[in-house]
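One structure, as C-alpha cells, below. Some questions next.
Labels run A, B, C and D following the written order; every chain starts at residue 1.
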Amino acid sequence: MSSMDNVIKCMAQQLRDGDIAYTGLASVPAVLAIALARHWGRDVTFINVAEIYEPKDMIIKVSSGDPTSFIGGKGIVTSLDAFDLARRGLLDVMFFSAAQVDRRGNMNLSVIGSYEKPRVRLPGGAAAAYLYRRARRVIMWLKEHSRRTLVEHVDFVTAPGPTKYGPHLTVCTPKALFEFDQEVGELVLTGLFPGVTVDDIINNMAFKPRIKEPLRILETVTAEELRLLNRWDPDGVRYS
Amino acid sequence: MVKSKLMSISEALDLINDGDEIAIGGMSFHRNPMAMALAIARSNRRDLALIDREPGLAFDLLTISGRVRRIRAAMVTFEHFGIAPGFRRMVENGEVEFIEDVCEGVMAGLRAGAYGVPFMPSAIALDSDLVQLNVKRGIWKVIRNPFNEEEEFVAVKAIRPDVAIIHAHKADEKGDVELQGPKYEDLLKVQAAKRVIVTVEEVVPEDYFRNNPDKLTIPGFLVTAVVHAPRGAWPTSMYGYYEADYKVIRKYFDAVKSGSNIEEVLRVFSNV
Amino acid sequence: MVKSKLMSISEALDLINDGDEIAIGGMSFHRNPMAMALAIARSNRRDLALIDREPGLAFDLLTISGRVRRIRAAMVTFEHFGIAPGFRRMVENGEVEFIEDVCEGVMAGLRAGAYGVPFMPSAIALDSDLVQLNVKRGIWKVIRNPFNEEEEFVAVKAIRPDVAIIHAHKADEKGDVELQGPKYEDLLKVQAAKRVIVTVEEVVPEDYFRNNPDKLTIPGFLVTAVVHAPRGAWPTSMYGYYEADYKVIRKYFDAVKSGSNIEEVLRVFSNV
Amino acid sequence: MSSMDNVIKCMAQQLRDGDIAYTGLASVPAVLAIALARHWGRDVTFINVAEIYEPKDMIIKVSSGDPTSFIGGKGIVTSLDAFDLARRGLLDVMFFSAAQVDRRGNMNLSVIGSYEKPRVRLPGGAAAAYLYRRARRVIMWLKEHSRRTLVEHVDFVTAPGPTKYGPHLTVCTPKALFEFDQEVGELVLTGLFPGVTVDDIINNMAFKPRIKEPLRILETVTAEELRLLNRWDPDGVRYS
C-alpha cells in the first residue's frame, strides 16, 4: 500500500449515485477511483478520453487513453460528446491533477518558472481552462502534498479556480482533503488521513488554509480494496 | 473515368509543402499516423506547423525532427511516462514555437473549420492566463453574446490546416474510409483540412462498402490520398488490430530524454 | 440500483407539458415518431410548439391536431404529393403561428443548443427577406465576424427544445440506442433537448451493446424515456425494417386537403 | 415523353466530370438528372437528403428522401455533412425548383400573395437561402414556363439571386434554358428547345430577358434515355 491508494479512495468517495464522470489522459488514479466507487455499488456513468463507454472491467496501462484498457464497453462516446455535455452543464464530475494549485483553486499545468523561459515546460492544461467553468464538480488529486504543489500563487493560471457559481472543487492529497468554499473563494482543509497532524499538513504547503472544524478523519484503503486496485492495476501505474 | 486515390507514401509526401500546417490524427499513444510521421521526419520538408488537441508520439517525434517550426496543442503528454520528452526539450530550448491551446479551443477551432464558419463561440474561462496570450496571437477574441450583451465569451478562429494525416482501418481506392472505434477529433480534422492523407491497414474493393454500408466513416470526396500502410500506427495502438507497444515507446522516451539526436531516435523505429 | 428508463407511451406523454417546444425526429415520410405523435394528437396537451428542419407527416398531423400553437421549420413538404396539407390550411387560416426558418438556421440553432453555446455563426444570405423577419423575432441577429470586421453574417440563437421525440431501431432499458441508416439532425436534437423520448422497434438486453459496441448511436445518459413501439414509424418508413406506406399517406393527404377534422383524420391511422 | 423529360435532360447536361452534387426533398427531377449524367459516363459524386451515399441504382418513389429508393449505396452521408461541404465552398452543384423566379434570380418558395395573409402558403425555402451563397453552381428547374413562375419581382425573396461572386445559376424550363450573367446580374436566355420560338418564350414570362445570340438549340431526350427514365421512374413521379 502507498499513500496514492488512499488518495484514490478519497477521490472515489467524492463520487455519488447518478453521477456522469469523465476521465482524461494521464489519469489512472481517476479511472481507479471510478472503478472503486462502482465496486461499492455507486451508480456512476463512466465516459473517458479512450472513448470506451461504460466498460465492465479494466486492466490499467501506462496510458489512460488506451482503448484496450477498457473491457466490455457498450460503444464509443467521444470526447467531443463528453465536452458538449459539460458545456450544457450536465457533466457531473471531471478529474484533474496539476503541477501547482493555489489558495484560490487556480491550477497550473503550463510552466514552472516564467512563461517565456520556463524552468519546466509542463504538458498543458488540456480541458481544464473550460471544465472549471462547466463541470458541476471537479475532483483534483495531487501525488505530492508539498510546498511545490500547494502554492500561494500558481506561476501561471492555466485554469482559474471556481467562482461562487461553481464548480464544486475537492482536492485529495496524500495527507489531506480540501474543499473549495464558494463563499470565501478559498480551499479549506476539511479532512486528514489517520496519523497525519494538522501541523504536518500546514508545514508542507506554501499557504495557510482555513480549517473547517471538526476535521474529518479520512478512510484508508482496506485490504480488499487494495486487492482490487492491484487486480485492475497489476503494474502499479498509479504510483508513477 | 474516376482516378484512383491510392498512392505510395512518397507520393503522399509530395502533397505536403514547406510551411504547411498539419493536423495529426489519433491521440497520445493511439492510432497515431506513424508511417507518415516517420516519412516526414526523414524528408527534407521544413518550417512545418503541427496542430492537435492531445497528441503524443507522432507529434513529439515530428517536434524534434527538425522539420517543424511551430506546434499548437492543448496538452502534449506521454501520460504516466512523464512530460512528452521532445516537446519539453524543444520548447524549453526555444527551438520550436509553442502555441498553448486548450481542448475547448482546438475543438471549437476545428469545428469552425469543418463547418465553414469564421469562428465558434467557446466556454473557455475568461480569466485563464492563456486568454490574453491567444488573443494577442489573433486566434482567440473576447466578444459579447449578441443575444445577451452582458455575457462575454471567447470566440475561437476557424482552424483550416493545409493537411490532415489520419491512420485508419480500411479504405477503397476512391478514398471511402472505415475508421473503427475511438474517433477523437479526426473527422473534424478531415473536414477542416484542405488536403487529407489517410493511411490504412487494408485497402478494400469498393464493394466492401456497398456490402457493408454501415462501415463507412469518411466519404471519399473528403480524401485526397489513400496510402496502404499496414501496421502504420505502430508502435501506437490500432483499435481492433494491435495494441500499443509500450516497450518501444519507452525506448523512444528514454532516447529523447537522454538527449539523442533525431538520427539516433529514428533508429528506435527501424529495428522492427 | 439503476432505474429502468422503459415506460409506456402514456407515461412518456407525462413528460410533455403544456406549452413545451418539441423537436420531432425523422424527415418527410421517413422515420417519423408516429406512435408518439398520434398519442399527443389524441391527448389534451395544449399550446405546444414544434420544431424541425424538413418535417413531414408527424409534424403535419400535430399541426392540425389542435394541440399546437406555433411551428418552426425550414420546409414542410409532402414532396411530390404537394404542399403539406395541414400546414397549408393552418397557416393560411392563421390558426398556428409559423416561424419560417431555413435549413441553415435550424442546423445552426440545433448545433448551438447541442454544443451548449449561445449561438452559431451561419451562412444565411443576408438579403433573404427572411432575415428581417427572424431578426425581429429575436432568433437571428446580424453581427460582424470578430476576426474580420468587414464580414457580416447571421448569428442563430441556440435552440434548446423542451423535448425531443425520436423513433429508433433498438434500445436497452438504460436508454442506450441504436439508430441505423440516415440520421438527419436527430442526434443534435437529442443533445439539444432537455428531455428525450425515444420510441423503438425493439427493446434489447444491455448485453446487445456490449456484444456489438459499434451499434451504439446514442448513449443512455442523453435519454429520458424508452418506449417500446413496434412499427412506431408507420406509415412512414423505417430504414431496414419497413417501407413507407404511401397509400396511407395519400389517404391522409386527401382527407386533410378535403377539410376533414382531426377525428376523421385520425381514423386514417386506426384501421391497421 | 413529356416536356419534363426534356427539362431533366437539360439539367443533366449542366453536370460535369468531377462534380459533387446534392439533391433535396421533392426533387425527383434532380435525382433523375444525376442518374442520366452518370449514365452518360460523367463522374458525378451523388449525395442526397435521403443520406444514401453514391447509390448504384434507384427506383423513384414519391419522396426523393426515401432511403429505399436508393440501391447499393456505400454508406450514410448526412445532410449536415453535405451542408458543411457547401459552407466550405466545396459543393459543386445544388438543385432547386421554385414557385417563382425573377429577372435577378431571386427565388420564392414562401408565399404567393402577401406574407402575413398569403393566398398560397408554400412549403418554405429549405436550404435555398444559404446555398445560393455557398454552392458553386445552382441548377434550377421549373415545371411550368409561364407568367406565374417567371416573374419581374418575386412576391417574397426566400433566397436572393446570385451576386457577381456566385453561384453560377442555370434555369431549365419546358421551353428554354436561362443562365445568370454575373456581370449584368440578370437571367439571360441562352437556349431553347426545338420547335419553340423566342416569341413563345418571351410571351409566356412576365419579364423580358436579355438574349445571348446565337441561341443554343437544346437536345431533347432520345428513345433510349426515355426508356431509362421510365425504368428508374416507372410511376412517372417526375411528371407530378
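As a working rule, a residue touches a chain if its C-beta (ideal position, glycine included) is under 8 Å from a C-beta of that chain, and two chains touch if they have at least 3 such contacts.
Computed from a prediction, not measured in an experiment: that's the story for all the values here.
> Provide the C-alpha centroid distance between chain C and chain D, rounded to the nearest whole angstrom.
Each chain's C-alpha centroid was found; their separation is 27 Å.
> Once you find the CA centre of chain B and the CA centre of chain D, what distance in Å lies between them?
40
> In whole angstrom, what separates the CA-based centres of chain B and chain C?
Spacing between the chain centres: roughly 36 Å.
> Two or more other chains touching the same residue: where does that happen in chain D?
Each of 76, 86-87, 134 in chain D touches at least two other chains.
> By the touch rule stated above, which residues of chain C touch at least two different other chains?
115-117, 122-123, 214
> Can you tell me, using the touch rule above, whether these chains form a line, ring, star, complete graph or other shape?
other
> Taking the top-of-page definition of touch, could you list the pairs of chains it picks out?
Touch list across chains, by label: A-B, A-C, B-C, B-D, C-D.
> Give every residue of chain A touching chain B within the complex, in rising order.
24-26, 28, 49-52, 61-68, 76, 78-80, 83, 86-87, 109-110, 115, 117-118, 120-130, 132-134, 156-160, 237, 240
> Enumerate the contact residues on chain B facing chain A in the complex.
27-30, 53-54, 73-77, 79-81, 83-84, 87-88, 91-92, 94, 98, 100-104, 107, 122-125, 127-130, 133, 181-185, 188, 237, 239, 243-244, 246
> Help me check something: in the complex, which residues belonging to chain A touch chain C?
20, 43, 45, 47, 52-54, 56, 72-77, 81, 84-90, 134
> Quick check on the complex: what are the chain B residues that touch chain C?
111-112, 115-123, 138, 141, 143, 145-148, 151, 153, 155, 157, 180, 214
> Which stretch or stretches of chain C touch chain A in the complex?
Within the complex, chain C contacts chain A at residues 1-2, 114-117, 176, 191, 206, 209-210, 213-216, 219-222.
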